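First chain written, first letter: the chains are A, B and C, and each begins at residue 1.
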Amino acid sequence: MKPSDDIKSTIQVCKTGFETRTHFREQLPELVENIVESCYDKECFEHIDAELIPSREPVIEILTRLREILFPGYFNKEKIDPTNLRYQMGRSVDLLFEILSQQITRSLRHECLRYDQPCVECVKLGYEEAVRFLESISKMRNVLATDVRAAYEGDPAAKSYDEIVFSYPGLFAITVYRVAHQLFEQQIPLLPRIMTEYAHSITGIDIHPGSRIGESFFIDHGTGVVVGETTVIGKNVRIYQGVTLGALSLPRDAGERLRGKQRHPTIEDDVIIYAGATILGEKAVIGARSVIGGNVWVTEPVPPDAKVVMDVPRLTYK
Amino acid sequence: MKPSDDIKSTIQVCKTGFETRTHFREQLPELVENIVESCYDKECFEHIDAELIPSREPVIEILTRLREILFPGYFNKEKIDPTNLRYQMGRSVDLLFEILSQQITRSLRHECLRYDQPCVECVKLGYEEAVRFLESISKMRNVLATDVRAAYEGDPAAKSYDEIVFSYPGLFAITVYRVAHQLFEQQIPLLPRIMTEYAHSITGIDIHPGSRIGESFFIDHGTGVVVGETTVIGKNVRIYQGVTLGALSLPRDAGERLRGKQRHPTIEDDVIIYAGATILGEKAVIGARSVIGGNVWVTEPVPPDAKVVMDVPRLTYK
Amino acid sequence: MKPSDDIKSTIQVCKTGFETRTHFREQLPELVENIVESCYDKECFEHIDAELIPSREPVIEILTRLREILFPGYFNKEKIDPTNLRYQMGRSVDLLFEILSQQITRSLRHECLRYDQPCVECVKLGYEEAVRFLESISKMRNVLATDVRAAYEGDPAAKSYDEIVFSYPGLFAITVYRVAHQLFEQQIPLLPRIMTEYAHSITGIDIHPGSRIGESFFIDHGTGVVVGETTVIGKNVRIYQGVTLGALSLPRDAGERLRGKQRHPTIEDDVIIYAGATILGEKAVIGARSVIGGNVWVTEPVPPDAKVVMDVPRLTYK
């Protein structure tokens, strides 16, 4: 049976389609060559022949296990009771130890090779530092408990402690910060920053792992909060969304010179900072129990027990 | 054949590696014991022997199904036409009913057991409330249509209604809010807040499910927006990124006392609030048709038809 | 053997449970009918019988491949060395070409049918525009290298170029913007906006693909940044979190009239804009080398080399 004219014309369309596709695909090899060549352009950035670094997936895995360990029963998929607690916890710690030690090793090795330093026993160091980290978990859990309580006391919309642990982005960001800060103190490169940037992408709260933050810390809502690398925060401090604790204006060439020096504010105990306040520079020492009003801009010291507020805005009629 | 010296030394390295690993792994059981023990520290938070609560995955599933139902054809993977609409919708509603009723049951049961209240017929209540929720869908869809229109009228960058439904984070946050508010009105615990915190993590827009918001509501860009629990917003209101409708300064011990009371602003019909404005407290009643300029700080009532703006900033030369 | 009374009563409970479930499920068909009917409500939005549009998953896939190509070796799962670079790159480009051309075709076809325009050769156009896009990759990589360098110079907390490429949300948002802008210039509908909204959801940085941005652009922290559709930004500009480059107050009916016109600021070379500044409207031309302080509100032109700062906030004692 001969194909009908209809089928013939359909086949023709298909053929044309196939030829079009082939025509464009034939250009791919040359495009690839151009792109590969431009990889060696000295101006550009590549990471060829370098060590693999900690990637997002294992970092999420580490933080997932850690939440199961730091807040037992809250984030497990199975119900935890006194009978199975030991088994569940053993499994979580075991998994955490393996991934964490591997990622620490990777972070160390990446720095070693990238910067042409001799790499001595990165695997052993990975295990060692993972154990050191695990030893700090009980202490971390105690500090996090003060943070949960601070949230409940500070937020009348909180219906229960459970709601805070389950759903408050501020507590998530603080948890990740406390974990990352511990690793930062252990001088692990890269990994802590990748952790806090993950929390930043989820919560909009950007806390540098290098900052030092006391217990009972509460961030409400939190989107847009920035806490810079050399910030020091006392106990019982409460900050709201959009608060920046940042560095002051830098001349164009200052980046290199200031690396590592204190460039950020000091916030003493019991301070409250309202939404959108911007506090910049190492001279901005906010004295204990002071209240910083919303949307203000502070670059000088504030004495204890003070209240800094914006002028009342102008009211006009249209 | 005897192994060569090279192979021998490689085997030695492997053996040392294995012993190192074993050495560190042998410390795990003690670490687990310490961690398990600290679970019972009275200061810390655990959720052992408590009921499972609504978790993130089913909440995402519920919101995915709801988007298919509220905006038919926009978020389905398959093409929807008048022929398969009824089948697709039937399937979406069926799936939604099952997961939603289960999660409502979980939310109720969690509260019952955690707070030692007698749990009466949580499963039946789950079904009942899920049906009640499904009955409200047509009404929700009507209100959401006014929100889409408000976005198109308010944003000259919008190329089409489709672009708004597909890609505007403000519309996503408002959709999740309208869903969560319906459940909040049905007095379902936990679930509504987990929903809005999910939208918060995606969009940076934090709307408490308890707030009451009229039709034709438009949030542009939206990152950093906060709408507190007892906020009341009229019809046809437009707000920009970084706007806070929040609670005023609280004394340290006020959390408990103020739980449930009105603590947030009232925004009347046709008000526009520009980027970064902070409006705090229940005394801040913004009169109809008023315009609040960017970055201002308002804690007092504003009459209708007013315009509140910041002073022109000081201009200096370097 | 007869069931014991205990088992009997258990069976009774199960039966009641089953009947309850059946009772509620029997209401589903009517609920579905009501929902289906309301789909045809003229006031509401549906996308029935329309073309499928670019969806989130392939857009994420496109951006994942592009990161592998634009920053070779940084985001690959396998280690890249000079031996396998060509194979890896070939594979990434191949995959990218297929998905990108398909999504471009979808975007074009969606516009064609939705707006009743005749659809001419959408598939061929998809291939053509994908090739055109691939040809622009080397240029994009060069510009992105200037952005990485600007970040390192501007941020003393940056420990290495690698840390910036791996973890800085600002660089991610700028990368997605440069990709989306290229497609916007090729007049592809929908796809560019879906890309930048994806970056927005991850980083809190909302850059419209239509804006024009020069090289060496640095966004620090970035949450809450908004860059509007008709904004023009020169070389070597640095902006911080919460900065808005937006449109001025619009009368209610202006949306339609202003579509496509310049409505956003112009930022000249070497300008720095601090956290939370709001710069609105096309009259706001910020002269070269000027510094805009945090939290200010600017709607007028600023001359070159100027410094705009807020008044010092009022200091009161409690």
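Heads up, the rule we're going with is that a contact is a pair of C-beta atoms (placed from the backbone, for glycine too) under 8 Å apart; a residue touches a chain by one contact, two chains touch by 3 or more.
Just so it is clear, the model here is predicted, and its values are computed rather than measured.
A.B. asks: Same or different for subunit A and subunit B, when you check if over half of the residue numbers at their contact belong to both copies?
C.D. replies: different
A.B. asks: Using just the Cα atoms, superpose subunit B onto subunit C and tell me the rotation angle to the nearest 5°.
C.D. replies: 120
A.B. asks: What whole-Å value do you get for the distance between subunit A and subunit B if each is reduced to the mean of its CA atoms?
C.D. replies: Computed value for the inter-centroid distance: 20 Å.
A.B. asks: Multi-chain contacts only, two chains or more: what residues does subunit B have there?
C.D. replies: 204, 223-224, 242, 276, 291, 293, 295, 309-311, in rising order.
A.B. asks: Would you mind writing out the residues of subunit B in touch with subunit C in their complex?
C.D. replies: Listed in rising order, the residues of subunit B that touch subunit C are 69, 71-74, 77, 79-82, 85-86, 89-90, 93-94, 97, 101, 123-124, 127-128, 130-131, 134-135, 137-138, 141-142, 144-145, 148, 152-163, 165-169, 202-204, 221, 223-224, 240-242, 272, 274-276, 291, 293-295, 309-311, 313-318.
A.B. asks: Applying the document's contact rule, which stretches of subunit C touch subunit B when the two form their complex?
C.D. replies: Those residues of subunit C that touch subunit B are 17, 20-21, 24-25, 27-29, 31-32, 34-36, 38-39, 41, 43-53, 55, 110, 114, 189-190, 193-194, 197, 200-201, 204, 206, 208, 210, 223-226, 228-229, 242, 244, 246-247, 249-250, 252-261, 263, 276, 278, 280, 291, 293, 295-298, 302, 305-311.
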